[in-house]
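For reference, chains read A, B, C and D in written order, and residue numbers begin at 1 within each chain.
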Amino acid sequence: MQVSVIGASGYVGGDLLRLLLQHPRVNVQQATSESNAGKFIYSVHPNLRKLTSLKFCSIQEIKPCDLLFTALPHGSFMHKFEPLSALAPRFIDLSADFRLRHPQDYITWYGHEHPHPAALNKFVYGIVELHRAEIKQAAYVTGAGCLATTAILGLMPLFKSNVVRDGEVFIEVKVGSSAAGNESNLSTHHPERSGAVRSFQPTGHRHTAEIIQELGFHGTPRVHFSATAVELVRGALATSHCFLREKLEEKDLWNIYREAYANEPFVRMVKERRGVYRYPEPKILAGSNYCDVGFEKDPHSGRIVVMSALDNLMKGAAGNGVQALNVMAGWDETLGLQFPGLHPI
Amino acid sequence: MQVSVIGASGYVGGDLLRLLLQHPRVNVQQATSESNAGKFIYSVHPNLRKLTSLKFCSIQEIKPCDLLFTALPHGSFMHKFEPLSALAPRFIDLSADFRLRHPQDYITWYGHEHPHPAALNKFVYGIVELHRAEIKQAAYVTGAGCLATTAILGLMPLFKSNVVRDGEVFIEVKVGSSAAGNESNLSTHHPERSGAVRSFQPTGHRHTAEIIQELGFHGTPRVHFSATAVELVRGALATSHCFLREKLEEKDLWNIYREAYANEPFVRMVKERRGVYRYPEPKILAGSNYCDVGFEKDPHSGRIVVMSALDNLMKGAAGNGVQALNVMAGWDETLGLQFPGLHPI
Amino acid sequence: MQVSVIGASGYVGGDLLRLLLQHPRVNVQQATSESNAGKFIYSVHPNLRKLTSLKFCSIQEIKPCDLLFTALPHGSFMHKFEPLSALAPRFIDLSADFRLRHPQDYITWYGHEHPHPAALNKFVYGIVELHRAEIKQAAYVTGAGCLATTAILGLMPLFKSNVVRDGEVFIEVKVGSSAAGNESNLSTHHPERSGAVRSFQPTGHRHTAEIIQELGFHGTPRVHFSATAVELVRGALATSHCFLREKLEEKDLWNIYREAYANEPFVRMVKERRGVYRYPEPKILAGSNYCDVGFEKDPHSGRIVVMSALDNLMKGAAGNGVQALNVMAGWDETLGLQFPGLHPI
Amino acid sequence: MQVSVIGASGYVGGDLLRLLLQHPRVNVQQATSESNAGKFIYSVHPNLRKLTSLKFCSIQEIKPCDLLFTALPHGSFMHKFEPLSALAPRFIDLSADFRLRHPQDYITWYGHEHPHPAALNKFVYGIVELHRAEIKQAAYVTGAGCLATTAILGLMPLFKSNVVRDGEVFIEVKVGSSAAGNESNLSTHHPERSGAVRSFQPTGHRHTAEIIQELGFHGTPRVHFSATAVELVRGALATSHCFLREKLEEKDLWNIYREAYANEPFVRMVKERRGVYRYPEPKILAGSNYCDVGFEKDPHSGRIVVMSALDNLMKGAAGNGVQALNVMAGWDETLGLQFPGLHPI
């Protein structure tokens, strides 16, 4: 399959190239970057040195292909949607531009009207664990927010089972610096960002809209979301707190999660009585496509604490996109995604 | 004033020595460490090289003094309380051994009976901002848990003003590795601990008991507490979520906090519209005795997110102890505690 | 091919298992750990969860196989050599126990006599780039020290070309914490090790012996070696300084390196005029089997500075071992070793 | 004494303000920043919140004072020298603009002619340990390069004693990110800079000129200097390698160093047989004005390895400047500089 990547110089685009270049069924036809057109890909993504002699081209030079990945900054693809859609029968867009189903949500959460509201419903929200059947049939798939994916995969089994009291959940996400992209500024300048535990979005984070949308297929979620940047490059951990509508024991919750995820190749339940890694830990997921999920019941109050972790550039972006590609193409869902992560790291 | 430190080889003991050695009104008479008796203090606390030629002694050699600091591991001082109390008219204990007022709380949260239940009420809970008047009169002062202090100082003004709906609060603390002490094990081994975002206590953290106790002077708090270890040596950030009993605007909340903290030398309100450090950030507090507090109101739901940060070894332990000492002695509360923290760091 | 791993609970053993479990031509038959016998492998190496349901066994239970990897602590395998050699026709030992050819070197650098001096010559020093032909024929291969490998691969082309003045070189290695293994102690305790720039072996590092041995095939090297631990888990960078016997320009040096490494699948020359990654950088090599090499000529003095970087657990240990396995077995040398490393990380 | 700071928004300027605001004999009159004029100082240096209500002003508004500190980017002060020199009888310039005595050195190392070559000799090179007597008399003092200071303080006793063979020394400096200043770019962007071990200046580093100049008062040094950026914000470690002209034992070297530094308040010899911190370690120096120095003799070759460490913003810049101020003013040299550094950190 001939695949091209629009917006390939960013961190998501780079990880996508890494995966596609080693994917056994894919040929990377072109990769665009306006500011790096003509340069070797490895000049921007140094880990790809010796792996490819491909150079970036401009989006002007892009040719028809079988599937087009777009990994442009948010707000960019929505304006290029029409011309680009002539180039390929299938699209996977990793930006936020077509993730939300309701045009009003773009006004509420992104502060602007969507230029193609009618096209929103052409896209399938691309978390395979949620929409596998639709993705299999889809021409247009959108990626999902990395923090939204983390939270949703942790909470979905509880919402599907309708056990969350009032649908209310408090989600606290801790995330690494790569989630903010490759544009440097004072807040990402190493002496300022190093060792940070920074409340960059205590309220109003845009990924909240996706969480509400997806959990909302199973009730009326009330989502309270905060995000804190921590010292880490890749990785996100969501700690979600909720109560149950009825009395359930840990083994009942185990059953709920097992039913949801026993057959999922990229979700692992992590809940051990002892050991260093008894709950999900993002650092050992760097480079892997796993989302690890665990939970604990508060013996004092009955509160459920759900922990879910992933690599924001992999299961939170590029890896998830390749997983969707595999599903769309009818291939083994794990093709090109078998790297298990490193320990120690 | 002649001051000695029992248990001076740990991280809290070391920071205490650093502060006391440079305190203008204090002479450090003795510092004990059973495993390091006879060694120079700087052999354990290398930052104190050239500052003192004092050596550790054994607790057996300890002599009467004006005030005794104890910084022993939790569960140790409670069994030494009686013999040690003969040595000094005044005590500041930085362990958890006398922090809780109700003997039952030791059973519930620490899993054992307290050997001196009658002595619990002799101690004042040593957060100066909460109990200044009592500390001024006290012979026995206990320190406070570092994470408890972080959360309490963030939330106390709201509880004192009785504005928290149902007294219910979800507290998520992120904390550095020094809070776990200087005993190495696999979970603190650098290759395992580096870059961690680790849910080490999703429920059942012992500091919860202190938070309930202290907020409980102003209603009936319902506290849901979780703790996550992050890549950081010194520092803690508490992110606390609650709703309000009535409609209050940000300026009303500002008034509540200003009233509480305007005259506090070691609490700073941090809430800016822009900039990298617009909310409390623990890293710039390393070595300082400040607790920084900020808050944000969720425009979507009315949720209040309170952020509070401190250095767990300073305002969370040794610095807070010296602040209590200053109050007990009738000195300027900031003596020996003026270091403002570093930027960048 | 049936392969077993002796000493599989350490960091090298864990990385070896990760590679072998995904190797297309290998079946992992057994993995030993005395302290973890009976436990799932993923309980020690959490990244392997869902990848294998294998459990550790005791070395007592080990069965005959086609090839045996040993990754025991240094000084252990040399005493088990005879019984173990009955179990498999081929061995790859990743400890230091058979790396040195001269029994005297064990006395000089390791402080003890070698129990099997006659066996030393049965082993081939396992850096494929140095001894490919011999490894192809070998029954017994020994791994190489991670820091030795870093330095040797950077310097070998200059020594082979006999251009180093007096054979004299100053090597300064910076290395991450995983190189010291998984045994925790105070020096690796996170609050002490975090942010360290620690001169742990200014002189007398044992890997010096290997560097002298291998460079010594091409003259009489005078090696001055120092090692500094830096904040990093995986990775080593060697900065080596030497002068030239004759006047050579940068392009001459390029030719020397190109001739040595143009056809090497796991050595990349990295020497760019601009960009962030214009010289070898270990962090982007985590998990990869590459050794990146670059150099710069001092315009003031003619000094040559050679920089070489690798992942100490991969090209410095487990990855290098699998590369040797591929050569011994006559397979494509890159089998199971294609992971290119991550960016950013 | 009324002191103003020109260029106070950078990292050196910020640390200078921190020190001067708490200095018992100094009043900070004005602090300039063109891009932040009118803003509170704590909006840029968040650690100074509550310490001062001073605002930045423009350099246009600067008024006469007793002493002027300049901490402008290199190349800026040299063009403002004449107008500024009218404002204060005494200057301490922390840039590189007047550090070198020979105009030719600016051409060789900085690539441009110096606009005020005649003024170069008016400045004293401001490392107090080297030029205390001259600084006491000086009107104009220049700071010293942070890496130059690290290396010079480590090596000066050996050069003064004339024991270095051929005056030849190989210096490898490891340094944190704050040394590159507060301007963000891709190389300092957190995802790129985090965990780096980056050869940013293998040859040609400008501080080499200062090292040659200062060691050159005691012979003809041949200096081979390389600099590597490591994961750290504050701190530098120089590892210097040389041989001796004659046979000296460790105790002879001890005598040389003791003679040089026994009475220096800010240089500590660190050379222990055991322990984590047996050699200089920059991390425990953050915020302190110490330079720690140690050495080891290679038993195999007689090579001497000298290790020296400091906080690049303190003894490497602002702290050193305040030390010079204290000497110029005839005050106790340690005024305002007593913070000993933190452990752990």
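List of remarks:
The working rule: contacts are C-beta pairs under 8 Å (C-beta built on N, C-alpha and C of every residue); 3 or more make two chains touch, one makes a residue touch a chain.
Since this is a predicted model, take the numbers as computed values, not measurements.
Of all residue numbers seen at the chain C-chain D contact, over half occur in both copies; the interface is built from largely matching residues.
Note on interfaces B-D and B-C: more C-beta pairs are in contact across B-D.
Greatest Cα centroid separation from chain A: this falls to D. One simple way to say how far apart two chains are is to compare their mean CA positions; for chain B and chain D this gives 35 Å. Distance from the chain B centre to the chain C centre is 45 Å, each centre being the mean of its Cα atoms.
The set of chain C residues touching two or more other chains comprises 11, 178, 182, 186, 191, 194-195, 231, 233, 276, 281, 344-345. Chain-to-chain contact here is organised exhaustively, every possible pair of chains being in touch. Contact residues on chain B toward chain D in their complex (touch as defined above): 11, 14-15, 18, 22, 43, 45-51, 178, 182, 233-234, 268, 270, 272, 275-277, 281, 284, 286-288, 290, 338-345. By the touch criterion given at the top, residues 170, 172, 174, 186-187, 191-192, 194-199, 202-204, 208, 222, 224, 226, 228, 230-232, 235, 237, 239, 241, 276, 279-283, 294, 296-301, 303, 305, 307, 309, 344-345 of chain D touch chain C in their complex. Residues of chain A touching chain D in their complex: 11, 176-178, 182-186, 188-191, 193-195, 231, 233.
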